[in-house]
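In the two complexes below, chain A is the common chain; its partner is chain B in one and chain C in the other.
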Partner chain A sequence: MKKIIITSIAIALFGTVNAQTSEARGIEIAKAAEKADEGFISSIVELKMTLKNKNGQTSERLLTTKTLELTADGDKSLIVFKSPKDVKGTSTLTFTHKVGSDDQWLYLPSIKRVKRISSNNKSGPFVGSEFAYEDLSSQEIEKYTYKFVEEKGNLLTVEQDPVDPKSGYTKRLVTYNKDKGYRFEKVEFYDRKNSLLKTLTYSNYKQYKNKYWRAGVFTMVNHQSNKETVLNFSDYNFESNLTEEDFSQAALKRAGK
Partner chain B sequence: MNALKKMSNASNRFAKKWAEFIIKRKWFVLIATFILTMGLGSQGNMEFDGDYHVFFSESNPELEAFDALQDKYTKDDNVLLVLSPANKNIFTKENLAAIEELTAESWNTPFSSRVDAVTNFQHTSAVEDDLYVDDLSYESSLKTDSEINDIREKALKEPLLVNRILNEEGSITAINITVKLPGIDSAKEIPEVTAFVRNMVSDFKEKHPNFEIHSSGLVPLNTAFFESSMNDLALTLIMLIIVIVVTFVLTRNIYSTIATFFVVIFSIISAVGFVGLMGIKLTPPSSVFPTMILTLAVADSIHILVTMLQKMRKEGLNKIEALTESVRLNFMPVLITSLTTVIGFLTMNFGEVPPFWDLGNITAFGMTMAFIFSTTTLPALMAIFPVKTKAIKEQTKPKKNGYTLLGEFVIKQPVRLTIISIVIIGGLTFLATKNTFNDEFINYFDESVTFRSDTDYISENLTGIYNIEFSIGSGESGGINNPQYLQKLNEFENWLNEQPEVVHVNAFSEVARRVNRSMHGDDEYFYKVPDNREEAAQYLLLYELSLPFGLDLNNQINVDKSESRVTVTLKNLDSPDMIAFSEKVEKWLVDNTPPEMHAIAVSPMLMFSKLGFRQAESMLKGNIIALILISLVLMLALRSFKLGMLSIIPNVTPVLIGFGFWALYKAQINTGMVIVFGMTLGIIVDDTVHFMSKFIRARRELGYTAKEAVVYAFETVGKALVTTTIVLIAGFAVLSTSSFALNSYMARITVIIITAALIIDFILLPSLLILTSKKDINE
Partner chain C sequence: MFSKIILYSSLFVFILNINRIQAQTENVKKVIHDFELEVEAEYKYFYDEAAFTNQKDHYPSIALTPEYSIQWNEGYESVNLTGFFRLDRDEERTHWDIRELYYQKVKKKWELSLGLKKIYWGVTESNHLVDIINQTDQVESFDGEDKLGQPMAQFTWSSDAFGTFDLFYLPYHRKRTFPGEKGRLRFPLAIDKDDIKYESSAEEWRQDVAFRWSHYFGAFDVGISHFYGNGREPLFTFDTQGNINAFYPVINQTGIDLQVTHNAFLWKLESIYRSSKAQDFFAMVAGLEYTFSNIDGNGLDIGILGEYLYDERDELALSSMQNDVFFGSRIAFNDTQDTSILIGGLTDLDQSSKIFSIEASRRIGTSWKAEIEARIFNNIDSNEFILSNFQQDSFLKLSISKFF
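Now for the complex of A and B:
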């Protein structure tokens, strides 16, 4: 009897110890990835978004994205639509926050006004694509809890569970490449009923400034609807020296002109 | 001696040799047929498919149009859960919290992609330049009474909710779970969803006993199809008991009953093997095959057994002699009647509805096997069993029985009976044209089925279950934001809302109006579509950015933003009204909108509405071919062209009578009933064959006059025809208890047709035989 009790305590202890290490290891990897990407300060990139439905019908949108790195709080970003024609000049300004919901403004050139979107919804599709806003926004460590899953060669897989109860996902499985500055190779998204919803794969990686890995192509496949969205990034610019002033509401209005 | 007679003698000799061989090698035959049956049976595999798509062939134009629409937007099936709280008020803290809880749980439904409820409705509001998009009621348990009141007011004003998710009184609400079934194996996917939802609902009811829950939608429809297949399969057992009882009563011999039992069981096992070999998945129409086979196969055995026992009892032959003689006498008739039945069932392949192809093919195979077993296993078993009967020698000459009297009654007044028959048949034929097609799929299920009663409750209290959908094009990429397009779409929406058949309209123009209003500080004046394309496009972009997971517009607008989907919820309409309404809408679009906005109506309901017509159109050719083939078989069997032609009358008129009576009974026919012509033709022709062959034998071999020959036919086959008709009626009466109308209506009209066939064979056929004979031969 005693033996059994001891064994079960041992198993229980071992179990918890193991769980702790996997969580600790998970967060360690996420932090390593963040660190590897630290210090880029700001970037500008051109983006072509191609939406494809089950029948292969496609639709394109062109955008420019500016990002400003912040360490105290989440990054700031400004997205300007260049096409389709009827939304040309429409721009969004987002302040991501490490804790709580992000702030978001939209400039509508047709009425020349800035509107604030007051919504906790970050899980819906971004302009009809297979990307949710939460997939594209800055990846702040605090937005997830972590669990290390496996290591295969240079690839590390970490389960990340979103903290936000309004997230569309129960978890995502992120595969990092530890030899290449912990860049993302693949993310699998699991929906609220914990079945595989989408897979995002990163390809055409390039290293900038000898440090920052940026993928040229993001391919998101929705396994449930068989729709697909491809993002093509081009003309990465890390020399723009953007400042907080480039991410103000006034800047938002200017960007849309 | 003509060639045909030679052939007949040859077949007679063959039948005799066959009988002798079977009896001599009885053990070998028994074991061989047993191994054959088990071999086939081992391949047996009964899987069910409840997906409503099975009713449509791949080339069905309505299905193609519907699939095209689903490919453009999203392919969805749904479960609609309707909640009725006992206090008749959705808007209390407790009730809203309960709804929120069930909504959250609904997201866990397998394959779910979207859940719409009153609580998670994305409400837009504006304060100056801030746009708020949020759940209508989030964390309801923390709300104050005045907040709850606010929610109530907003909800009851919301056109997207009222009559769809919420009734006008705010006393009943719905949660609509959209599922995207992968469609790889619907036999597994659908039960998985159903099991989850049933479990969730029963847990919820336990926790919140003040809620009543009804469910409907396409997944429950599929489940109802699935379950009625299994229920109808269970009817087999009842029919088996009837077969055993009838055989025992007719033969009054335990061994014959056991032998018959083996023949029908072997036939069914073989048919199950066929199902497995062909990879057929059973559906409600095809799941009745065992009952069909039982009903039809037992006649073969009964003919052979009754003759054999008669030979033993009346003529005092020993068992082997009687058996040989019976097989010799019955081989050809059983072959011919089996052949006509097989032809009749195979004509179902001409139809448009795949489940009936399966029913036709499985039953045709089963009947072929029944013929084989009736002429092998049955005599082998009877040769093995120690059958003993007492020869009854008392009855030297049978007294005039009812059949003789009936025969004498007919021959007295053939002209009068013919005229009366023609008048009645004419009248009923006229009535038969008054039937209309109706394939309202909810009415496929009778009130004993929960799907039906729940759906009825929902359509009486909340919303319509039927809908039609349109994909309205703009002719250009991003064109849904074109003000002209939005304006027209809005007109279309308004016009639809004015139609008396319409319960609810969901169109993109409503989204455009709502967002426009929010962009103008919630000013009601701006509750109209934007009049500037850039504005419309940018508002839409803003709105789309603020929607949460699963509640996006992808189910309403295509990726290119060139087309949008209009969903019209309708009252319960029968098929002709449904078709008329969709044509009216299509015409409105042609008359009032530019060509790129013209669209055809599609929906599962519309597919079913047109199914009956398609089936009837395609079956017409099959029925004509069946009639020609069966008449040819008859001409050969009777060795008379004239009588073969004459046989068309008693073979065709029962169907006219059947549909004539149906016009008095229901006046609406469904897809399942379209197949009865071919099917019953193959069955009722047996009566005609038996009666006419006895008539011919009396004329040719015994030299009787036409009138004497008729009486002879009555005396010899009258009883046999009545008993086989009783077996058939019993079988189809069992099927008519099905809760599934495609099967029960088909069975009911078949009962009428088979009864009519017997009456015609007893009244009109003999009268015609006498009248036509008079012309050739002067007596």
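Now for the complex of A and C:
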């Protein structure tokens, strides 16, 4: 790890990539981004999801997302729907794993049932939006292989190929901002036929605790269907001190009531 | 009815008191109130001629479900209320209930709930054997998924390493609801729920207990439970004149539920052993669910379900599922309106009886929801002790809900 930091400092200082393969540089950037975001411990955020169809008609969902950072394994997250009202209280608990499939439970408030669900469906849309499940799951280094593509000023573009054959993508092109804690500026998604499917752009960035960059707006445009989904994040809370106990099945039931 | 009112009012006073004590001792930072109301209009049509006198063909109905919750102490303490009222042509289906009214406190690994609450246990789709805490609100739906609020003290301890332990103290038994004279899906003589007595001399005030441990290990989710108290299912006996004698026995029931989640497969098992003075038996449901996901690249999921049901009670099983196979399909469009369809068929391996069902739902706009349900009783064997009474009771149900 120390070696990587030293090399990234070296790159930052001299801007040279001479003796390095594109794979090594790609993974180095991904690791630098992970490092820059380490230590946030937990967060709670309110999310408004706006779905727009090709005729411009919109529909909205409100969700609350709680995240617990884990270093030995992937993060844990709890998502609770607040609207539309007929699905209010529907919640999911996800334990992401660096290697292998994630564990996921769904809570159905009308019958108070917790159901373990398959995390096999990575490529399917999340609640009718342009975000697939895999777009919203925790970004673990181990889930991709990397190739450095280009550097333009402070922007670095890295090709990321999903390890899991069940992914809906052949590759993503991720643009990092190396001057702003390696935050994501843009992601382009290529479908299984390797044609451009979607573009995700991040805007309204804010820095929390002097370290963590969080975008206020995610805009996902599907170029093939001309549909669009916008995520608006508000009330980021990094002071909640959530623990493992806030991510248990008992907590899942409480969240949905 | 009188005891019900006393029960609710004493619980309510109790909860108000807790509320006041909390308000005094805690420096409450933020209190969150939440109110929601669902108004549902339903129309049920039975297209076959009624088997018994006084039964109708058309049943328009209205139901109200208000929900209120108040949370404080960063959500670690709350009071939650869900009420229910239905107006129907069948006076027994016209009923009200407090589905939930409980105070809850959470501290790290501990959780305490006091009041009326609904608890669900189990993994299978066609029958819910393990699920025993709440009484079934039989007049509400044929599938038995609607439940009456159960008074309880529930104590939960959960940890990552050891799983979840639930202890239940259940001080009061609720009697099952049954359709009245004008209702469908009943026996030749309508059962008056107050005619069903208890084996226990303490009757509904018998102090019952239950325990459950659940945990997950990789792909395995497992639950083991035990219940000791007044059974939720009445035992029916018939004399030579055909009169029904029914009572709630004191039972011991041990249950196990298991799900293995592997890729797109969900393997499921639920099994119980129930013993009482009058009857000991074993029952199980085992099956699988497999989902073909995102078939069209647009989010269409098609799941297939298959389950085998066995009940040692044979024809006395109130569920009528003694040696049956269930096939079904769950279709989810994952569109903005959350359109979904569930189709199922239950076929008896010993007799000709078959039950088909379809349930579909779709959101309309942002605060409306439309649902369709149909149940078809087909070729019901006249030897079927329970089901033969329902052979004329195939129905189509349309409902629309508005959420405020």
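The definition used in the following text is that the second predicted complex is superposed on the first by the 236 of 257 C-alpha atoms of A that agree within 3 Å, B and C clash if a C-alpha of one lies under 4 Å from a C-alpha of the other, contacts with A are read in each partner's own complex, and residues count from 1 in each chain.
Basically, contacts are C-beta pairs under 8 Å (C-beta built on N, C-alpha and C of every residue); 3 or more make two chains touch, one makes a residue touch a chain.
The shown structure was predicted, so the numbers you read here are calculated from the model rather than taken from an experiment.
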Simultaneous placement of chain C and chain B on chain A, clash or fit: clash
Partner, of chain C and chain B, that touches more residues belonging to chain A: B
Contacts of A:Ser248 with chain B and chain C, given as first, second, both or neither: second
First, second, both or neither for A:Asp103, with chain B first and chain C second: second
Touching partner for A:Thr92 - first (chain B), second (chain C), both, neither: first
Chain B versus chain C as contact partner of A:Arg113, first or second or both or neither: both
Which superposed partner A:Gly128 touches (first chain B, second chain C, both, neither): both
Partner chain in contact with A:Lys193 - chain B first, chain C second, else both or neither: first
Which superposed partner A:Ser59 touches (first chain B, second chain C, both, neither): both
Chain A positions touched by chain B in one structure and by chain C in the second: 51, 53, 59, 84-87, 111, 113-118, 120-121, 123-125, 127-128, 168
Contacting residues of chain A [partner chain C, same complex]: 51, 53, 59-60, 83-88, 101, 103, 111-118, 120-121, 123-125, 127-128, 168, 240, 243-245, 248-250, 254, 257
Partner chain A, residues of chain B touching it in the complex: 71-72, 74-75, 107-113, 122, 129-134, 180, 477-478, 481, 519, 532-539, 541-542, 544-554, 557-561
Footprint of chain B on chain A - complex, ascending: 51-55, 57-59, 81, 84-87, 90, 92, 104, 106, 108-111, 113-128, 132-133, 166-169, 191-193, 195, 224-225, 227
In the complex, chain C residues that touch chain A: 36, 69, 74-75, 78, 80, 104, 106, 108-109, 111, 118-120, 122-123, 145, 156, 158-160, 164, 214, 216, 221, 259, 261, 263-266, 291, 293-294, 297-299, 301, 334-338, 363, 366-367, 369, 401, 403-404
